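In what follows, subunit A forms one complex with subunit B and a second complex with subunit C.
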Partner chain A sequence: MKYFFRKLISMLLTLLAVSFIVFAAFAVIPGDAAVSRLGSNATEESVAALRAEMGLDRPFLERYLSWLGDCVKGDFGTSISYGMPVGQLILDKLPITLTMTVLSLILTVGLSVPIALLMCKYARSRFDRSMYGLNQFVMSIPAFFLGILLTWFFGMVLKWFRPGGYVSYKKDFGAFLGYLLLPAIAIAIPKCAMSVKLLRSAVLTEADKEYVRTAYSRGMSTMEVLYRHVLKNALIPLITFWGMTVADMIAGSIVVEQVFNIPGLGRILLTSISRRDYPVVEGIILLIAVVVLLVNFLVDILYRKVDPRLEDQG
Partner chain B sequence: MKKAGVFLAGLLATMAVALGGCAGGKAEEVSSGQITIGIPQDLEDGLDPHKVSAAGTKEILFNIYEGLVKYDESGDLKPAIASDTQVSGDGLTYTFTLRDGVKFHNGNTVTAEDVIYSIERCADTSGGDALVPAFSNIADIKKQDDHTVVITLNTPDSDFLASMTTAILPKDNADPQKNVIGTGPYRFVERSPQESITLEAFDDYWGEKAHIKTVLLKVIADPDMIVMELRGGSIDLICRITDTQAAELQGGDFDVLEGTMNLVQALYLNNNVEPFDNVQVRKALCYAIDPKEIMNFVSGGKGTELGSSMFPAFGKYYDESLNHTYDQNIEKAKELLADAGYPNGFSFTMTVPSNYQQHISTAEVLREQFKKIGVDAKIELIEWDSWVSDVYLGRNFTSTVVGVDASVLTARALLERFVSDNGKNFINFASPDYDIAFKEAVSLTDDAAQTAKYKECLRILSEEAANVYIQDLPTFVAVRKNIGGYKFYPLYVQDFASLYLKEAE
Partner chain C sequence: MKLLEVVDFGIEFHDHDRPEQVVEGVNFSLEQGGILGIVGESGSGKSMTALAIAGLLPRKKLKKEGHIYFEGKDVLRMDRTELRELQGDEICMIFQEPQSCLNPVMRIGPQVEEALRVHRKEMSAEERRARALERLRDVELTDAERVYDSYPHELSGGMRQRVMIAAAMVGSPHLLIADEPTTALDVTVQAQIIQLLKRLNEDEKLAILFISHDLSLIRQISHSVLVMQHGKLVESGPVERIFEDPQEEYTKNLIAAIPKVKL
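And now, the complex of A and B:
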């Protein structure tokens, strides 16, 4: 209980720091929402008037505190560009980024476990060694570059995929999933390679332990032993990695969304930064921060579940 | 192949709907079908017509909102919400008769109170300038009867009627940004930021109703995707594509139409900063360049050469002879530089907003052309927001390549900014002759005399080499072959109501 409490306090402090840094960044960079909206029709007076209307003329700290106060009450403000509540805007776009993340996570886990186990079964064979080499190579390709390659190959060469043909999830969920598959693959492949590497070494370490020999002595097949007994123990280090992966995928989706022309949270975040639409930027960055913190928290809990010895050290 | 099949089926379905609409009775009366139009950016400055300023937003809102009068495709003002306008002999009193039964998108009828509310909202000076500057000249506005609004001005203003294109909003709409209610041929349905905006034909429109029922505006943030999106069938029409894209689409499923952007592209010089405070230096730069060469490089030779702050769409004011004030003459340019005290040239910076490829390309050609007279021009790219705050508002620049357009279709909108004490005079141009000529032009009520005065203003800008004038950029529109009725306007608008789906052949 004490552990949870401490964790919660530190999470809140982190969020507070993040929100302050974002706010401060907007105070430092040139231009603001008023200038951005008026464009080449701006005069000194009209900018000043619009600033006053938007409340941008108040001192920095005062603005931050009033924004913070509203946040605590659950009001994340109104987007300057779109005139809609930030909460509603994020809810509208979250399914896109979330679906992409979940798809890539499924692909990462679903592909890496069987591949790693197969490599272990045939450890040090030619198959294992060539897969190992391929893995090292794939791991070092950034997702956005893989995205460009996939778009080119499936979009331009094979024409299985229409770049830019994004379909809203509200209109046709199947087509929406279909469009997100390729970006999800682009995100998943490097992560998958990383998990294979980690899992393979974890499994091989476990495989030398005594309980494994006992299992073999009971007449189980190699795959059976690996799946039933070894995997459970070998997954412990992977949980941390996958946890970090989720956070990384959400943040990384910003770039991948650009490559695949997906109007998700990443696109909104980028355009809002250039429009100096700070309520939206704050909202999205806080959301990402919350996800990262929550995932870390969940990983901690899972760890304790899997390995009860950690409980005393909390 | 499969994709093409699906698309064709979709197309046939659309046509079937269109035909069905025709078969249903009076073809003109029924709006049907759907098209998707690509737009380069979302409407990021909102949907309140009095407060938006981005040209890309205004051109869409043109379909949703209307004023008492509105522009047609030849740039003339025609009656809209007001069916009749009377101007008194002294040019001070405007009497507007409201058209019977004009409905807002929420079903309410437009009243004289709504008109007064809308104009007063834009004339309000409590937040600094009036939203519509011309409205600060209004002495009095009153309702004569339920159908008549009378506006009295302080001083005659021959351009006043143009400002009456200001959108009329319902007076009881507390938040026009959220509740989008106008009187135009299309009404706003919904939007998803950075993704799409849906418009639907307004059934109770007072005039000729839109032909196409649903217009979906799709945001295409990456210009490199335009051709692919057109070919793939996810958009049917898009404006302002580049010369290269137009060439790529030639001969396919699309008609490529050519028009002009209606803006004045120039190397704008800060007349307050050394060495451009010297008129001889400014002239030298004008002699150094060749707009034809720029046009060849930037848009395959298309575009219209300009010699002053006016583009040809304003037929009345455009003076072609000004294009020849400075025909390229390297020797003359060098002489002028020597006279001005720069026999070995000088170096300066051209600030260019990084989001406009055509301006960047132009700056690249300029740099080469200036080299020939020994002037070393550096190109500095900056973000658009920084351009607005530093270059435009801060006037903290040496020179910049941009296009300046007219916010309303009047000579005044283009020329007012060069009056020495004008707030929008970002180049710090100061010429007493110009100030006098402009002031006279504004005060004249006789059209011919006024036109002559505005032309004099343009000549002064050219002779004083206020800026290095280049061109009005060409623009291309790609329209799927089954869509007809696209109209070019001499101002920055897109008219969706005139579009229609052609019947299957």
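And now, the complex of A and C:
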């Protein structure tokens, strides 16, 4: 309990730091929301008037504190270019990116575990070696390029779907999932390859341990031994990796959403950056920070669940 | 028919440039309900011989010679399926380090029951649990329910080895192979484990292959003794004969080297 309390405090401090850095970044980088809204040939007077109206002429710290206070109350400001509350804008797009990330994570975990175990069952055989080589290769392909390949193959060659088409989750959830599947696969494949590599080596390390020999001495088959005994031990190092992967997948989705023309968080983040729509950018980055912190917290809980030896410690 | 009969048994490793003969021309047998002690300094091939009987030697990069007949059938010539039917059901094995032989992330109960889950598919989960608890009590773990729900790191070394014995005994095997089972334990616990093994041998007609480098332990527990050196059999015979009238120089030296306090 004390542990979780400590963890909570450190999470809140991290969030505070992130909020400050994000806010400060917009004060430092060149470009101005008022200028970008009015166009570069606006008069100086009109720009100054708009800056005053937007509150941009107040001192930095004052602006930061009032923004932070609003955020705590759940008010993230109003988007300059979309003209709607940032909270609502994000909430509208969040399910898209979140679904894609969850889908990618399920694919990554669900595929890497059986593949890695199969490779370990036939460790150092020709099958294992060729899979290993293939895996090294797949690991190095960026997700957006896989996205382009998948779109071309399934969309243009096989014509299984219409590239660029997208169905809102509000209209038809099934069709929405269908459209997200390919982008999720594009994100998952390199991550899956990385997981297979890590898991294979973790399993082979565990397989040399004596409890494995004991399991064999009870007449279990290799697959039984791998699934019942080795896997849970080998997953311990993978939990951290998958936790980091979630953060990575959210970042990756920004690019992949462009390739598949999906109107998720990544899309509005990119447009908002180019339009200097700072309330939106700040809101999305805060949200990503919250997600990353939550995932970290979850990883910690999961760690303690899987490895009973940790439970007794601080 | 002898329970176990080892004939001209040998092992040759092929995992380096030159083949390496680590066991050669070993012959011995073990009666139903007997206790055979194998003694020899470290590296003399005791563990390799034990693993071969339990069917746990790797299949690659080594050559097995001779025959190991268990209840009349040659373990060395069985396929994997036949072997698995014996393992955990008829032949069980315990090792030196009970700490590393238990899965650290699995509770004790499921590990003790494992041989039943593999071999007695007809048993229900409750029956398995009841049997496991009974076995935990048999190995003198009084707080069996608590042990059942514990993780390995929560138990002492002696308790862990008792758990290993309970897990081995859960399916009432005919042969228990114990490879240095007390070497990692302190002296009082060591004596308790020896007593426990002797009791199981008498109560359940369990045959035991007891391996140790410690002659005084071998003398306490064995009915007959086998002395090994450099992978070869030095001499074998009933325990009294070996200790009172050793024939070979090597055996005489071993016996002379036993600290007097222990005898």
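As a convention for this text, the second predicted complex is superposed on the first by the 305 of 314 C-alpha atoms of A that agree within 3 Å, B and C clash if a C-alpha of one lies under 4 Å from a C-alpha of the other, contacts with A are read in each partner's own complex, and residues count from 1 in each chain.
The working rule: contacts are C-beta pairs under 8 Å (C-beta built on N, C-alpha and C of every residue); 3 or more make two chains touch, one makes a residue touch a chain.
Note that the coordinates shown come from a computational prediction; the quantities given were computed from them, not determined experimentally.
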item: Clash or fit, subunit B versus subunit C on superposed subunit A; value: fit
item: Touching partner for A:Tyr211 - first (subunit B), second (subunit C), both, neither; value: second
item: Touching partner for A:Ser221 - first (subunit B), second (subunit C), both, neither; value: second
item: Which of subunit B and subunit C A:Arg276 touches, first, second, both or neither; value: first
item: Which superposed partner A:Leu38 touches (first subunit B, second subunit C, both, neither); value: first
item: Dominant toucher of subunit A (residue count), subunit B or subunit C; value: B
item: Smallest separation of CA atoms, subunit C relative to subunit B, angstrom; value: 48
item: For the subunit A and subunit B complex, residues of the former touching the latter; value: 30-31, 35-50, 52-53, 79, 81-84, 89, 92-93, 159, 162-165, 168, 258, 261, 263, 267-268, 271, 274-277
item: Footprint of subunit A on subunit C - complex, ascending; value: 54, 56, 83-89, 92-93, 95, 97, 100-106, 114-115, 118-119, 151, 153, 164, 167
item: Subunit A to subunit C touching residues, read off their complex; value: 209-211, 213-221, 224, 229, 232-233, 236, 306-309
item: For the subunit B and subunit A complex, residues of the former touching the latter; value: 3, 42, 44-48, 51-54, 127-129, 175, 177-178, 191-196, 219-222, 225, 228-229, 232, 234, 383-386, 388-390, 392-393, 402, 404, 407, 423-424
